[in-house]
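As written, the chains take the letters A, B, C and D, and residue 1 is the first residue of each chain.
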């Protein structure tokens, strides 16, 4: 167990070990994703209020979940980076940012597509959409900061500090945006509140949430492998890889 | 008896190593001159030794304690970098007055006067620091060394912008400090300091 | 200990007030931004009164960003930051004194001039009072946040663009509470003020430390 | 078939939502793949010179 762990923690070990495990994750992802897609689009019954339009939930909610979850993972990596200087954690943090940003973007776009038939408008300053938008800005800030620092060591630590401040702010932002939306409530109808959900509706949702996280794991692994290669470009073990 | 020790320290920026396996062991009364061409990593080494930068390998000890995260070490040390570290909006006198309290010393107006006299800054005492010439500003930075007693001096090109008279003064200051209770690490091109007979550390050969 | 802190504050204030433009510019900027809104939106008095607290808060936020974003610029250039690391006080305490002085010098005049702006926008007296209270509680948080990120980006070439991008999302909760409290019902007012106060305490406890860590990374 | 695609009038919203999801998935994979090719080229360049 410890041997496996220590192999994961060194850059070279991570690169060589993940290669073996990745196919299993891909298979699991593909089967869950296929089931989720099919069941979500065709098997689940239409919602009595929203009709067939509710089927967007199967891509919107998982991406929103992933967007939040990835930021938490980044914050966790930030702690590992700052306190124990674990390099692989810093790489995981950098690699996660781009993926998290794209999931956040996806949540925003699907949310707004969902909003059109429900509210009659593409965008509404609803609490959830607004906090998603702020989360998107947090991701962009992190990425912009990291990409403007050349030295890897500085990049990791600066990114970790920003991620930590961001994660402490996340609940505050969430709470304040909720407070704000109740304060300025006009004719908003919160139709995002999921109605009492039938099991045949729930299973595809759970499958999709898991599938999205598995896809995150796949993307993360691939991106981390890229970053590792780039950082270790001069080491001997990298030599054989390109040939 | 103080002891400053660096074991196998190295510093890396991405793929390029600035320096590797540097060993330093200094007791009270000893000094070290760091030599090397421009860009050979002298300043980086000094910043690492001062604890401003974190080394990528090895460890640095002050009196057998790792300096990382120890506030007490920072207050045992004078660091004089390329810049003079002056507060531009304050006058010459105020700069020293501020520094004395900041370093935890009792203010002694006569002592400040004496230091200013010795460095020939007395007549500028009320001038804003940013209006000083390069040489005068450097002397004001050196005044900090004289004003507050600290065992370890880390000096990066201290002789920059100094005339021969001030250079001699600085030389005497370092010799005085070593003979009393001090350790000095100095990075310099100046051959004038050869008279001090310090141990030498050359950077640049290590770097490819 | 107290002597050291008094020394810090004394000389920090001295060096700020010696260059008078340091603290005049943010106030002028603040008033100018607030004056842009009537020009952009039109001089409908009812609309302006309704959004006055938002306008003033946004102006204050931008002014803080502008002034605190450059908090360490001069000190970094003159090498003074290195000296600050070698004192008898903990670095975070020194930084806290520094930020507090800058808050007093930059945000103080801004808050003093707020009643005047409130009158320009025909705000009710009670609303102006609340606005001042929220500014008093909120702007220190803005300064602390801006200082910590300014320390982090101190050596980056694109810091002028990067800093607002990093800070704005973190400013949002404070903006929401600051403006929301002014318009809220009395029950919500006390809850909101308590929250803002709690956020201030949290920031005072956490952000000077963060600023110190950020400086160590940024000064590199 | 066309009834299933129309989804009671919601089809024009549901299908694009799924389409965007898939395309973002693919874009993510594609950028990683392109990056990987670039890095391997770099490695070759460095270790052969």
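Just so we're on the same page, contacts are C-beta pairs under 8 Å (C-beta built on N, C-alpha and C of every residue); 3 or more make two chains touch, one makes a residue touch a chain.
Not measured: the values here are computed from a predicted model.
Visitor: Using each chain's Cα centroid, which is most distant from the centroid of chain A?
Guide: Greatest centre separation from chain A goes to chain B.
Visitor: Just by CA atoms, which chain is the most central one?
Guide: C
Visitor: What's the distance between the Cα centroids of chain A and chain C, rounded to whole Å?
Guide: Result: the chain centres lie 32 Å from each other.
Visitor: Roughly how far is chain B from chain D, centre to centre by C-alpha average, rounded to an integer in Å?
Guide: 56
Visitor: Counting only Cα atoms for the centres, state how far chain C is from chain D in Å.
Guide: So the centre of chain C lies 43 Å away from the centre of chain D.
Visitor: Report, in whole Å, the distance between the mean C-alpha point of chain B and the mean C-alpha point of chain C.
Guide: The mean C-alpha positions of chain B and chain C differ by 36 Å.
Visitor: Got the chain C residues that touch at least 2 other chains?
Guide: 220
Visitor: Any two chains that touch count here, so list every such pair.
Guide: Inter-chain contacts occur between A-B, A-C, A-D, B-C.
Visitor: Which part of chain A faces chain D closely enough to touch in the complex?
Guide: 37, 41-42, 46, 51-53, 55-56, 59-60, 63, 99, 102, 105-106, 109-110, 113-114, 116-117, 215, 219, 222-223, 225-226, 229-230, 233-234, 238-239, 241-243
Visitor: Once bound in the complex, which stretches of chain A touch chain C?
Guide: Checking each residue of chain A against chain C gives 82, 134, 137-138, 140-141, 144-145, 148-149, 151, 154, 157-158, 161-162, 164-166, 168-169, 172-173, 175-177, 179-180, 183.
Visitor: What does chain C use to touch chain B in their complex?
Guide: Touching chain B: residues 3-4, 7-8, 11, 14-16, 18-19, 74, 77-83, 85-91, 216, 219-220 of chain C.
Visitor: Residue numbers of chain D touching chain A in their complex, please.
Guide: Touch residues, chain D against chain A: 4, 7-11, 13-14, 16-18, 20-21, 24-25, 27-29, 32, 35-36, 39-44, 46-47.
Visitor: Given the complex with chain C, which residues does chain B contribute to the contact?
Guide: 50-53, 71, 74-75, 77-79, 81-90, 94, 98-99, 101-104, 128, 144
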